Amino acid sequence: MRLVMIGLGRMGGNMARRLLQAGHEIVAYDRDEGAVAKLAEAGAIAATSLEDARGKAGSPAIWWVMLPHGEITDTTITAIAEHGAAGDIVIDGGNSFYKDDIRHARALADKDMHFVDVGTSGGVWGLERGYCMMIGGPDEVVRRLDPIFAALAPGAGTIPRTAGRDGNDTVDPRAEKGYIHAGPAGAGHFVKMVHNGIEYGLMQAYAEGFDVLKGKASDHLPEGERYDLNLADIAEVWRRGSVISSWLLDLSAQALAKDAHLDGFSGNVADSGEGQWTIEAAMEEAVPVNVLTTALFARYRSRVEHTFGEKVLSAMRFGFGGHVEMPQ
Amino acid sequence: MRLVMIGLGRMGGNMARRLLQAGHEIVAYDRDEGAVAKLAEAGAIAATSLEDARGKAGSPAIWWVMLPHGEITDTTITAIAEHGAAGDIVIDGGNSFYKDDIRHARALADKDMHFVDVGTSGGVWGLERGYCMMIGGPDEVVRRLDPIFAALAPGAGTIPRTAGRDGNDTVDPRAEKGYIHAGPAGAGHFVKMVHNGIEYGLMQAYAEGFDVLKGKASDHLPEGERYDLNLADIAEVWRRGSVISSWLLDLSAQALAKDAHLDGFSGNVADSGEGQWTIEAAMEEAVPVNVLTTALFARYRSRVEHTFGEKVLSAMRFGFGGHVEMPQ
Amino acid sequence: MRLVMIGLGRMGGNMARRLLQAGHEIVAYDRDEGAVAKLAEAGAIAATSLEDARGKAGSPAIWWVMLPHGEITDTTITAIAEHGAAGDIVIDGGNSFYKDDIRHARALADKDMHFVDVGTSGGVWGLERGYCMMIGGPDEVVRRLDPIFAALAPGAGTIPRTAGRDGNDTVDPRAEKGYIHAGPAGAGHFVKMVHNGIEYGLMQAYAEGFDVLKGKASDHLPEGERYDLNLADIAEVWRRGSVISSWLLDLSAQALAKDAHLDGFSGNVADSGEGQWTIEAAMEEAVPVNVLTTALFARYRSRVEHTFGEKVLSAMRFGFGGHVEMPQ
Amino acid sequence: MRLVMIGLGRMGGNMARRLLQAGHEIVAYDRDEGAVAKLAEAGAIAATSLEDARGKAGSPAIWWVMLPHGEITDTTITAIAEHGAAGDIVIDGGNSFYKDDIRHARALADKDMHFVDVGTSGGVWGLERGYCMMIGGPDEVVRRLDPIFAALAPGAGTIPRTAGRDGNDTVDPRAEKGYIHAGPAGAGHFVKMVHNGIEYGLMQAYAEGFDVLKGKASDHLPEGERYDLNLADIAEVWRRGSVISSWLLDLSAQALAKDAHLDGFSGNVADSGEGQWTIEAAMEEAVPVNVLTTALFARYRSRVEHTFGEKVLSAMRFGFGGHVEMPQ
């Protein structure tokens, strides 16, 4: 199939490459001409503008927008809606908020265009491993795009099958190839959002565990109760037959094998929005999500030297006990 | 009554003064001779050693130990047990762990001596306001010491009575004067321990709230959604008719009135053990105490620049996404 | 001053009464005619409709809207905007979301009308104790309404003054009477929102503490480490000289004095929106609010028999360990 | 090698089988004679008592104790110490508290016996997949037991190697085969304890995420913002190329494929001690572990209908607002 890829950053560029390798045709556009040129070398049709891309897109055109979430995605989809034709399909493959998807789907439907949202996981490894995709949109349109999704997805590969799926007509075989049609507009990004919420929680669980292991060497503990543990070996052994083996643990094992002190890492941990949206969604549902929330807040806290609240605590302690908190 | 006060620091010294003012006799001992001399000026009988105190204590002797919890309290109680006589009463008025009380009570009972544990709240304000006391020990002994507790306690004062206490034979009138006999050995310190656990939670609730108020002026928020709020006035107004009025809020209001930026406070917040013991007690009971725990952990976090766990997070993010966390 | 009170429920009715007692004139309107009649008996001018109220309001009219937040407040303010005249003042005294205030203020400004938002605390006790008020809006308009606010507020009363306010020109004397002008439109409700966020945290801190006290009698603990504590007396004694004395503790002491088992209370704890908004505001600011969040989530959890997540945990445990979780 | 296996439950029995399959000799003892008989059929030497086992153990004897942690493990190790001879090795392969290990090691050292602690992960899958082992004890003894550990461990298998281990002399090659020598006595169980702490956190992160997905179908949400998501397919797709793939997710996918409603599971989630010990260890180190703690507390909460604290909240809300919480 022919598909216009808009946004050739780390994610969009690699996805376009994987599609080219699978025999699809890519019309490539990015504001960065160098990125377009590089992809043209890999076999893509270069476009110099959205209008140019429109001309080269074929009909109906399939637009895959792969841009940072927020304003830039919004204005791009609006621009496509203006330039596009009835029957065109616009795919938002970025990390957009699912309520924006619902809005975009309605706006495009007014012009008889279709909207599909795709949440993808796999990070920089996707080109090689394939992309795990969670898709929202009209059933018929998602089915029409199946060759695209099948090419981007990891496929069944060597991962053992899950017991209980064979002959089970409540499940969808596409899930085993690495993509699902989650529901109507927004459902793809919603599932991806929760995925990231979970990701934060998992990461924080490992982080806290390694923190306790590391802290066990502290001079403040009684002698005879200290251990100077080899974190690289611990991460490695947990990969092998333990209940907590995971891909995130694999990555931790790699980092710790390189430098068990992780000296090169700042510890100022960013968050990308999905964690926050997951908490908001949970609150709309009145679902308690203590782990997901505390994982997000640990990131907030990591990025400041002190909160003002901590000074309030010091001030109160001085007030009732005359305690003076010493800078450390 | 005559009572030996051992430990004349901020707490012990002031309690001795309050007892003297009420007409009790105090035999005063501290390793710091200056502290003893100062209290002698206030009317106390100076003692130069435990042995000396023993001679001046009368019979049966009443020992009030007011020392930092841990080893020093332990060795002092052991020494008194050696020097003391059957019928003596040893009161631990410090912040000891209640399981240590149970142990002390058993050891003293072997010598026909009595043990009483007293948890006190009121901080540096106790001399003036009186001390709120939570007492553990044998009923008969606690009753015998009543003149001591009545003198130390705030008394009913002007605090409005609680509806539902009049003619209620399930409650104890001593509570309205500011002290209770909570139960057998350890019960006093147990109740005081939970008191401090709650204290941490309350403080953190206010701290977080002020943090949100302060953060509302941040440049990162959309213009038109920022407020530059007067925290001193907010703390003040909440003292007056709001649901969240409290003594801790009074102290916050004072600190914020002096300097709304709290620039003089480090924000490295100490904890004194009771918070941790409360969590341990809750876990023994399988009671979820999320607020009390998170309040304690906020203090731990306040005292370090970064946790190792945060570096683990940065390392994972680099691993799956190529993200580089920038120092800020 | 003359003021139209729209909404004569528990809050609006009592505020109208307090204003009447202070000599103000109240035009009273509610969809419930009985409520209007009752207030007329107390001296108010009855209105049968918004239009009717308009006629009786004087000019410029002052409208105090005291309705449940959400749609009903929104449509009422819109209706007043239609019926009102330039120069009119609309006060939203309910629990509205501060971003709605910003929107309302803009819509009314288009008609040269003024908008003021007032967050109030004090609950059912306000009629007697006075209302603690946090006010947002244009400075000149808030000053013009001062007689209203002064009448509703508790006034300085017998609450001790906060050290550091005398001669301090960074603070506002109105705070000591129980109301503040927090900032422009929305600032009043924003401060009230955070107030409620804190309230949830404080309540949960006490709740967890009492839970630990109660649980200490459990049969699961080793004999000799159990205490059967008198919670009514503990709550009472903490009111008297302890660091954690507060109005919420006073209320707890009352409830526990009536029935230490609290058998009449369901424990399905509602939340009113402000807690959630506080978390959202904190996330917009990237401020960690672990205590406020966990307090809100405890309420969510209290309202269901089991979360689905708990079944997921049971399922995983069965998966890796063959563990069967027994219903209890 | 010849080894006495004491305790032939699910874990001990399967480990003995795996050792027999690898050519080791097993003297098998359990209070349950049927368990002994079954293992004898699989090739083990049956023992009818500890004394009998002693006679058949060879010299020096190697004792592997595989019993529930606590009293039974304690008395068994004490009994072995009495019956054993200098040079014997006692291995505690259960889930003991690491401070008990330190105590056991000292007691055995007094009789010139050796103590080794082994934390194992892998659950009921270990017989087939091999056991992930974390070992504490004297270096020389752990090396002598290597054939045992190598037979129990999964071995390198097909799991991809971790980059950065080749030629890295700070890491131990045993980790890649699924076992590590973590440090002196107790270090094995300490690492296993933290492993389980992490496990609780990971499980809770998934549980909360699935809860949010499930809740998105709720009638309380605005129409047009609800999704009826297929949780079995979502779990499946996340196994394939996503950042959050893990063995725990594999298990969730299996459970959800069988029944997406998980109706057969009670949701009363047990905990086995290690979660609590991890929190205690973290508090001794002053390391904040919010995720691990909140995961444990979610299990406590899952096992009761209501906490007393929730009734306290209801009582306070009634006190200040007249709110009556309805049973649901």
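Here the chain labels run A, B, C and D in written order, and each chain numbers its own residues starting at 1.
Keep this in mind: a residue touches a chain if its C-beta (ideal position, glycine included) is under 8 Å from a C-beta of that chain, and two chains touch if they have at least 3 such contacts.
The model shown is predicted, which means the values in this text are computed figures rather than measured ones.
Chains that touch both chain A and chain B: C, D. Across the assembly, the mean Cα position most removed from that of chain B is the one of A. A count of C-beta contacts for the chain pairs A-D and B-D puts A-D on top. Taking each chain's centre as the mean of its C-alpha atoms, chain B lies 38 Å from chain D.
Centre-to-centre separation of chain A and chain D, using mean CA positions: 31 Å.
For chain B, residues that reach two or more other chains under the stated contact definition are 123, 125, 204, 206, 208, 211, 215, 243, 247-248, 254, 286-290, 294, 297-298, 301, 303, 307, 309, 320. By the touch criterion stated above, chain A contacts chain B in their complex at residues 10, 123-125, 203-204, 206-208, 210-211, 214-215, 247-248, 251-252, 254-256, 262, 265-270, 290, 294, 298-299, 301-323, 325-328.
Within the complex formed with chain D, the chain A residues making contact are 99, 102, 121-123, 125-126, 129-134, 153-154, 156-157, 159-160, 162-165, 168, 170-172, 174-180, 182-184, 186-187, 190-191, 194-195, 197-202, 204-206, 208-209, 211-213, 215-216, 218, 220-221, 224-225, 227-230, 232-234, 236-250, 253-254, 257-258, 260, 278, 281-282, 284-292, 294-295, 297-298. Against chain C, the residues of chain A that register as touching in their complex are 243, 276, 279-280, 283, 286-290, 293-294, 296-298, 300-301, 303, 307, 309, 320.
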